[in-house]
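Two complexes come next, and they have one chain in common, subunit A, joined by subunit B in the first and subunit C in the second.
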Partner chain A sequence: MAASFNSTRSLVLLRAIAQSGTLCSSSGSRALHVTAVCCKNRAARIRVGKGDRPITYEQALHPHHIGHRKGWLSQHTSNLQGEGGAAERTVEDVFIRRFVFGTFHSCLANEIVIKRRGNVLTVCALMLQKLPPHKFYFLIGYSESLLSHLYKCPVKLEIQTLQDKVVYKYL
Partner chain B sequence: TEAIDPTAYKYQFQDDPYLAPRTSAEFKLFSLSQESGRSAAKYFINSNPKFFTKDFAEPHIPCLMPEKVSLLLEEVSEEALKERISLRKVKAAVDMYDQLLQAGTGVSMETTHDLLDLICLYSDREPVQEGGPETEDVVRQEGWRIRRASDFLKTIWRENNNAERIFNLLPERDTHCYSALIRGMIRHGAYVKAFDMYTDMLNNRMTADVRIFNALISGAPEVREKYNERWDLIAELLNQMNQQKVQPNLLTFNSVLKALRRCGSLARTQALHTLSEMKALGIAPSLASFDHTLAAFYKAASPTQGQTDLLQEVMSELAGSSFTCQDPDDVLFFSNVMRICLDNKDIELAYRVQSLVEAGENWRLLGDSHQQTIYYGRFFSLLCMMEHIDVVLKWYRKLIPSLYYPNVQGMRDLLQALDTDSRLDLLPTIWKDIQLLGHANKSELIEELLALMARETHSPEVQESFAVCALDVKSVFNGDRGTLSLEWSTSALCHITSLLLRAKRTQEAWEMLQLFKAKNRVPSEELMNEFLLECHAAGAPDRAVELVQLSAAFCLPATPRLAQQTLKDFDLTDEQR
Partner chain C sequence: MAAHTSQAFLSLRRLNGTGLGLHSALSRLTYATALSTNISHGGRGLPDRGNRGGPARKPRRNAGEPRTEKMAVDQDWTAVYPAAAPFRPGSVPLPVRMGYPVKGGVPPEKKGNLELIKIPNFLHLTPAAIKKHCEALKLFCTEWPSGLDTSAKCDEHFPIKIQSTDYVSAGLSVRNPKARVVHLKVKLSSLNLDDHARKKMLRLVGERYCRDTDILTITTDSCPLRQQNYDYAMYLLTVLYHESWGDGPCLLIPLFANPGQRSTWLLLPSENRGLGG
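Now for the complex of A and B:
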């Protein structure tokens, strides 16, 4: 989901810990057992498991497939030659993803797509039909208004609803 | 694309089948919930402004900044008073003013004007958004005026309230103070006092301004009873306006015309005079002026009276021009004009009105969703009455559901039109639309639909589609969909059964007969006859005996005849009765 972070696992050898381990107790030594670093990519990948975990298309394809089999989740022009503001856009995107994830609690079916066209910020989301429509509209009006005031630009929400999440495969 | 897409819902809603409003109730619910979400966000923004003040918009966008809702200045000063006035805090402003007076510091004339305007606008109460609407001191308008409920909740002008007190305390009063008080009194119903204040002002040898006259003219019908007295008062006010060299504006004429509506038979001649005066002065009449004039000529209760040419002239004058909203009553123009067309059954004129609505920006003047429903409802019923079914269906597809959700009366008009042009094969599609619109639980509509379907026999495929439809209706009655289940009525049961029989669905028809017994309803005689014929055709004698037994159980008068016929037509075993 949007807010889950797969931390990259890199083992750092801390001499201090090893040293302090020997100071802990007098009887027996508690040392840090370290193996060799495993140079593997862990970003945005869901590892193969038992076969009962449903995975969407977005989650199934790894990041090196972006541009080949996946599209971009956040579309803006600040990564082009000579354009600035990429970092600010990224920070805004992260905030918007967390905000929408929290506002539409457990209704999101997939990651949010954020498009910037001119001044307008369009947030496209796929939702599950868990809430009655008038509650959806309340949350839509609320988040549009709040985000517009926060980012000083018109924010539009485009929602499509599904019965349940579309499963691509089971891992 | 320039034109509206007739298959889409209004653009303020999300473009998704789950989130699209299908009925007018859903329309209102969704738009209100979206608005309440926005106001919730506004509340949050205004109560925590420090998160939203970082301004990086180039150029600055003022509407996206948090607004000031709480008071900053606490000390007794004129700036604090101005702040309270701009935040519309009536009581706090009055207290601050009193404190200032007691402290001895004078208050400038403009601030006093603003304060008086504020108090008179809200009649010494807080504006409504502070709490719920005030329910005490509510005055009801006279019963014959057909207005919406919101107009009935007008606050009254209390005696000796703060406005009058402050007014009397003022050392010098100028026109603006008088105008604030007079307009406030008229707005909140203290008409006699307003006129007294006006004479007071004249005695002090001050000239009134345009807005005072507008308010007094609109209040004139309340202070006089007879029609000619009212008109005399208005004429006198206009004369005084002339003497004091005050130029009338559009709102003056509109208030004259509006007051004329309540002047009875005088209205017609004077209205035309007023219109010509407007033209002479070069003030273009707005839609509201036409609305009031037409109301004077076309009373709702008497359709065949008066010249009917006036509307034609008005339409030819207005044709093709684009209007902006200049008067709050402009929005009532279109629905009233369509009412006149409906009363006079004039379809050509209705088309001209519709083309006026579609011209330019005039769709904005249709008013809010309630007015729009009224307008389109009247237009659609006129179409169903007068036009051929193909034209009706063309407009049906154009208007629904993007612009208009028909109510039960509209659907019944449509069924009538289908009947008149004997296009009853379209009934199943109309039934689907009825279900979509949420009218499937209205019993009289369903009964009418079933009666139309069951009246005559049609060709086989049509009968088949009718039978499918009938089964659908049956499931609605049983409450299968989880909606409110309706009470079975005799005619509905009979119609459904006969429809099923004609489509040769005998098994389901037999089930229906059992339902008759379960719900204690008596089947009709034709139904039994039909069943008997059917059994004869199918060659099922035991069914026929069962039929006779059933009719005996219901104590129908036709039982002996049925028994006779059964005996005659079938070779029965000895189980006959």
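Now for the complex of A and C:
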């Protein structure tokens, strides 16, 4: 029964039914209220709006396009057959993304690309020109030295700056 | 004018603060007040934390034109991309486009294109760059011996072939436990075995011998290091050779006269009767 509903209208209707159900039974009885499962994929998707919201290429293409219309943001050999260390690399990636996001606050134009070549960790980022260059240089040096000491491997930051974000389309 | 008065205000307060013992609290207070007066008098939009109510902030410089505009057609490309580096749209003078186009549009351009940065590029490996690498490596190379120009000659002079694999991966550790495996391949025809010794050798090695190619393969991976596995493989070959010539105690081997016939057993005497007798 749940599988046959595949539109938002049915979902709204079910929510209304559930709410009306709660109103009727507010006189003291307890019951279990359930709605049908929302069989909709919501992962990494920006919902369609009025048409004035600019989104980048990365945000516009959904996760099922990875490998077809999108590339991978992080590349290393641990995900190949018979190779180890995938979990460690993933945890490092997550940390580096949060670290760079916080260090270059509100300067990031797009997602961060992490490349590993042997021992070297290269973090490629697109930035907006919100800070003066000498501040950028300081933050780059600070991030590189701190991450190198944390991960015991050479970490390089490759920054490209833009005037403003590159818009792919408007949703 | 207003900026100057606020600066003087700040310096006076600062001296008072250092005179007394409550340096940190007073200096924080004065900093806060100086900041507020600056905003009320200056009104320059964002508070300028770099210059504390000082001279005018440097005007924001415009980004210059990209390097691609100034590149000559016959420039040395190996100087632009000497090593592996991510794609830089300002350094690559090609009108590259990448990405899925919007309906009725074209793929997005290279400026700010994350897809071009994601993929590995080989801009540092042009034929000119590879030529330079070869020239640099030639200093460390020696000539191939002229007497070993055919593979038959190589087999004749170097019958034992050792094979091992090195693994390169992206990560903090160079160690890979699969790198310790050593394969030793030798043709039995190159070993000095008579009929009896050959049969005994085949009996001893069992499945490690391939009849079609006449190659005996000994694979060792029981030791933790490759050097140890190599030594063990050579030791195994030595022991097999001497055993097949009858150095140790005698061995019971079946004689295969014809395939399909029942095997007859032959007790072989050994030259030196060891401990086994």
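Going forward, the second predicted complex is superposed on the first by the 138 of 171 C-alpha atoms of A that agree within 3 Å, B and C clash if a C-alpha of one lies under 4 Å from a C-alpha of the other, contacts with A are read in each partner's own complex, and residues count from 1 in each chain.
Operating definition for what follows: a residue touches a chain if its C-beta (ideal position, glycine included) is under 8 Å from a C-beta of that chain, and two chains touch if they have at least 3 such contacts.
Keep in mind that what you see is a predicted model, and the values were worked out from it rather than measured.
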item: Partner chain in contact with A:G141 - subunit B first, subunit C second, else both or neither; value: first
item: Touched subunit A residues, subunit B compared with subunit C; value: C
item: Subunit B versus subunit C as contact partner of A:K130, first or second or both or neither; value: neither
item: Contacts of A:H62 with subunit B and subunit C, given as first, second, both or neither; value: neither
item: Which of subunit B and subunit C A:R53 touches, first, second, both or neither; value: neither
item: Which superposed partner A:R89 touches (first subunit B, second subunit C, both, neither); value: second
item: First (subunit B), second (subunit C), both or neither touched by A:T161; value: both
item: First (subunit B), second (subunit C), both or neither touched by A:H149; value: first
item: Partner chain(s) touched by A:R45 [first = subunit B, second = subunit C, both, neither]; value: neither
item: Common interface positions of subunit A, toward subunit B and toward subunit C; value: 129, 152-153, 158, 160-161
item: Residue ranges of subunit B in contact with subunit A within the complex; value: 13-19, 21, 26, 29-31, 33-38, 40-42, 44-45, 51-52, 55-57, 61, 64-66
item: Subunit A to subunit B touching residues, read off their complex; value: 129, 133-146, 148-150, 152-153, 157-161
item: Footprint of subunit C on subunit A - complex, ascending; value: 56-58, 61, 65, 69-73, 75-78, 82-83, 85, 88-89, 109-111, 113, 115-119, 122, 124, 126, 129, 132, 151-153, 158, 160-163, 165-166, 168-169
item: Of subunit C, residues touching subunit A in the complex; value: 58, 60, 63, 84-86, 88-90, 99-100, 102, 108, 111-115, 117-120, 168-173, 178
